[in-house]
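Let me begin by presenting the structure, written as structure tokens, before commenting on it.
Which chain is which? They are A, B, C and D, in the order written, and residues in each are numbered from 1.
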């Protein structure tokens, strides 16, 4: 199969604290991966590194054919190649979509504009087509009729769904979701889940940070358990939840089986 | 028993759409109430009205001995008494604490300052005492050692817990939580739940908006189900989840029993 | 001020010796329309037109030469520097032919010869001649023939003035008893201000000539030949008669003692148009008549301010982007520009652009120079305003934009910049109002804007207070629509961008 | 400018007739230290001190009267208006007793009588007396006795100047051949500038007197009595001899023909201190000597700017809060204030505060008036800057604060305001830099700040370019620490308030 995302020995520190330690990971095209772990274990940080929003200190990152390598051995080369880092990061972000934990909707634009602006500017889609896609997506996340509202006129859950629609509108190769259902009621969680499953069928690669264990259990091909900036275990849901190989994973999943 | 919060026929419209319709509610001291309902049904709006952040159009609101009455019949009186409205709102907010869905931490202050500033300014607590309380609360929510961080240095779940601690530091008579555990992993949800239960034992009145049905089921004295700005049903968890009297409630709770 | 003036003089000496080729098909002539009747002044009925006997002479001359006359406004003091800057080819504005001036410029043959005249308040019958002035306070224009003549009589207490009008006002207030002024001014002023009257015989002799650059020998010859033609054909006499300026000196000069041929129509036109009105209502009417000129000047000030502000807003944006996202080199250049431009006076910047740039071959029109000077000065300030706007936008917005696949530039342009408007509008409105006021500085580079027109009209109609209030009001009004507009924008933006909950 | 000057004159006429009681225990005396040696000028060695023979006379007089002399700096042109504003009781600064001036003020008996002297370039031996000036260009101070005397000779081509120094400079440049100036100036200037020399006999007679308000008859008597005492005791002669100013006219006036009693120590002191240095290094040394004075003036400008900015920042905050949260009435008042103050020129506001407020009993010191004028003007601008800052803070911050039980005021003060700093610092730095430059306007209300000191020193040492560059550099430097400080703050705030993810 086709490994679309590959990470090797990725490390990121802020000041003296390492918030990502020696992360290695490879994701094949079309997989749906869940990341679980305690609050503050580095899930968001990992997603931000994959999307090149934060630069890592050392390690290897490949998305499609684009490779970014950093670290002690190639420090020197990279300093001169700063320009090329930015260009590569740009091309990676073109392939990768992201839903932020803080949503970051554009407050001065309507829901529709929030969703269509990137396709129009980045992909040079004709306006009509962008609007049609946007309306379809809004319908899917249950926000038909909200297209002319401004973000301040939305409830928490509505904002979250707009942000999902905005990220999906670009139809990226890889989608990163940071707690996509945190503000949603169980009914909507189901609907968003259906959207993701559809995308899974269409072959999109998806990585979901989530605290909803049921979701991780039922929907994902693989589950990653993180602790203190490290990937402890990555395996199928069955293995992770019922037969974890690491003790730390075991003690974590036991917590909510009780 | 002592009815500490009473709402009668409260209505709030934005433009032509009514987002809260004819809300009536009475809460006795020491109760823990959950509010559930679909995204966009008006849960946040109701909390904001109780905390006098948004003014309602018509209705009656009593918190402790403070009464605010608004509406067609008393419109005239209230216009002249705008001053007194602000004063009353201020006194209500003194009694009521609130956790925002968007958290709204103060970005230019450390975690400790975020928590201690209100007690020091509002309650004129001595600084040492405020700090002691704050450290205790941080410990309770699992954030020992984070007191000198700035909000931008926190993860999503960490921020949420700081916001909870900040609201609790004032030790209000009534606490309103807007989705207090949305960004927390199951382990932390349990811990926060314990904090709430402790407070419940200490006699604090608490109202929690939540999508975590388990939480609503197990922890609360009463559950309120809202739909489209209306309170459909308010009853004990057992009744709401296993024997709802309204069809709409039934169809909603059925959704996630499957 | 003193220091800036000294600096100016230094700059001037550096810059002025450069001359520019003249265009053969047009005759660019300069004068100061902030002058007095009957030389060159604003038509009291159609204040957008300039008229005067010198205007007529220039028209007639250019017809003979076969060139199109193009009027260039310049401050009287700057008429000769302007010649050498190459802004025009000739200057004509009651320039007396004196030895001093002859050292700097070439003069044509005189086109008019006149004399001095004593002016007193009507009813002061004890003054009838120069000798009656002994022991009295008498006013004269500073550095004029009149002053020299009066100083020659020791017993006379001479008071000198910057403009004749000031002398007349002082006379009315009783501070002087008589004034000795050029005859044309005496004639026109007394005719329109009946409380004054001319007394006594003509005194002295004054010749007015057209000033040209020393090196323009060929043009001088042409002008002199054309003047001869004017004299010969009787056209010069006709012009002077129309303005009621024909006199014995001219009779002798032109050797033409025949009877009058033309009636003084233009003189009458002026007298009828300007004659002092005593009623308040008529004064108001007069103000209404000025209005078009004021409005036109206000429009120029407005256009100037708007274009400068536009430039400042654009250049400021570029500077701010350079500083924030341009890396070390561009960022440093931007900071350097900002600090140097903010640190030095606008006046000197304007002067350099207008008078020093031609030395390196860049010769700008006053309007363009004014816009560039004001615009690039304010750009330094706007850059900082933008920067504060950019800093106010949460970083999450930028991250969201680039994670949607935008380039950093697209993110800034489409996402961040529109959100800064709300924050930058109030300080930019501040700066725009300052700019409107600062725009009056550009009169140093010969731009005619509101303040300049105020000076022109006030001195032409001898009314400083009323026109002064109108001018002040206009300045205030100029800013208001933009304050309103800014407020309107702010309100709209406030609706659109209420912070999401 | 013309219009503002006319307005000033109007204001002045309204304001000046008010007199103020004088304090009997101090003698407030005014002069312009931007003058020439030997009258009143800055000590070349200790530039913080003012010295001069008039200083000595005033000291001696006050000792006799038994009052403490208090020096008040005032522009020379404004010495008489200042008297009537009540800023001081006497003015003494080479004021020639003339008929004109006598109409406005009372003069004491003369304290010094002198004459005019011809000054030429050394080596010009064809000029030895007044009659040798025929047919030549001769310089004189405008409106002075010298001018009147020269004008009396028709053959002389008189060139008038605002200050004697300008005449000397022009002479060096060959534009005039001689100058006729007051003897003390001739003496001191030629002594320190050996390329010039005095020639010929004393010409004419000039008497200097002390000017007082018309109504201060008693003080006049006191002063005259004290002057008599000075004359009688020989103290006056001693002072004049120390300054090398004793002359035949004074011998006659004091009827004292005895031999010299004191040596001209102070004259020598001055000559030795100032004598023109020809070496570059020595000139630099001279600049170093000026430095303390410049720095002191820079400190005043700085203090003035800082205090004004502080006021502007505080008042601006109040205005912004009124506008944003003050309800209809306060909000309207705030908008009104902002628009009117932004819409009218600072110069007029300063003048009103200084000259019109005393009419309603509020008499402010120049320093205070300057701070209030600048501060309240800039407050209007800062108010808008604050407003933009407030608008940039998400409403959630305010809601979080009040839901924690804060009053709206507490929420704004403790939560919102600190967060606005980041946004308001760049535009406020802009405004502070503008304010430093605008602060030079306050010299119209007799404040001595950097620009004023520059004019004083430049005219005292006849050096405009060098001192001009120093001044310009100081202005630039004044702003820099604040730009740095602002940048430092910004950086700190940027760390603290990175938008939370």
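Please note the rule applied: a contact is a pair of C-beta atoms (placed from the backbone, for glycine too) under 8 Å apart; a residue touches a chain by one contact, two chains touch by 3 or more.
Computed from a prediction, not measured in an experiment: that's the story for all the values here.
S.K.: Counting hops between chains that touch, how far apart are chain B and chain D?
M.R.: Minimal hop count between chain B and chain D: 1.
S.K.: If you average the CA coordinates per chain, which chain's centre is most distant from that of chain D?
M.R.: A
S.K.: When the centre of a chain is set as the mean of its C-alpha atoms, what distance in Å lies between chain B and chain C?
M.R.: A distance of 69 Å separates the two centres.
S.K.: What is the distance, in whole Å, between the centres of chain A and chain B, each centre taken as the mean of its C-alpha atoms?
M.R.: 31
S.K.: Tell me, which residues of chain A touch at least two other chains?
M.R.: Residues 44, 100-102, 154, 156.
S.K.: Among all residues of chain D, which ones touch two or more of the remaining chains?
M.R.: Each of 394, 396, 498-501 in chain D touches at least two other chains.
S.K.: Once bound in the complex, which stretches of chain D touch chain B?
M.R.: These residues of chain D touch chain B: 394, 396-397, 399-408, 410, 414-415, 418-419, 493, 496-501.
S.K.: Taking the touch rule as given, give the residues of chain A at its contact with chain B in the complex, in rising order.
M.R.: Touching chain B from chain A are residues 14, 36-40, 44, 101-102, 153-158, 161, 178-179, 182-190, 211, 213, 252, 255-256.
S.K.: Any idea which chain C residues touch chain D in the complex?
M.R.: Within the complex, chain C touches chain D at residues 2-3, 6-7, 10, 143, 148, 151-152, 154, 158, 160, 339, 342-345, 381, 384-385, 387-389, 391-392, 394-396, 422-427, 429-431, 433-434, 437, 451, 454-455, 458, 464-465, 468, 471-472, 475-476, 479-480, 483, 490, 494, 498-499, 501.
S.K.: Under the definition above, what is the set of chain A residues touching chain C in their complex?
M.R.: On the chain A side, the touching residues are 51, 53, 86, 90, 93-94, 96-98, 100, 102, 104-108, 117-118, 121-123, 150-152, 154, 156, 159, 166-167, 170, 172.
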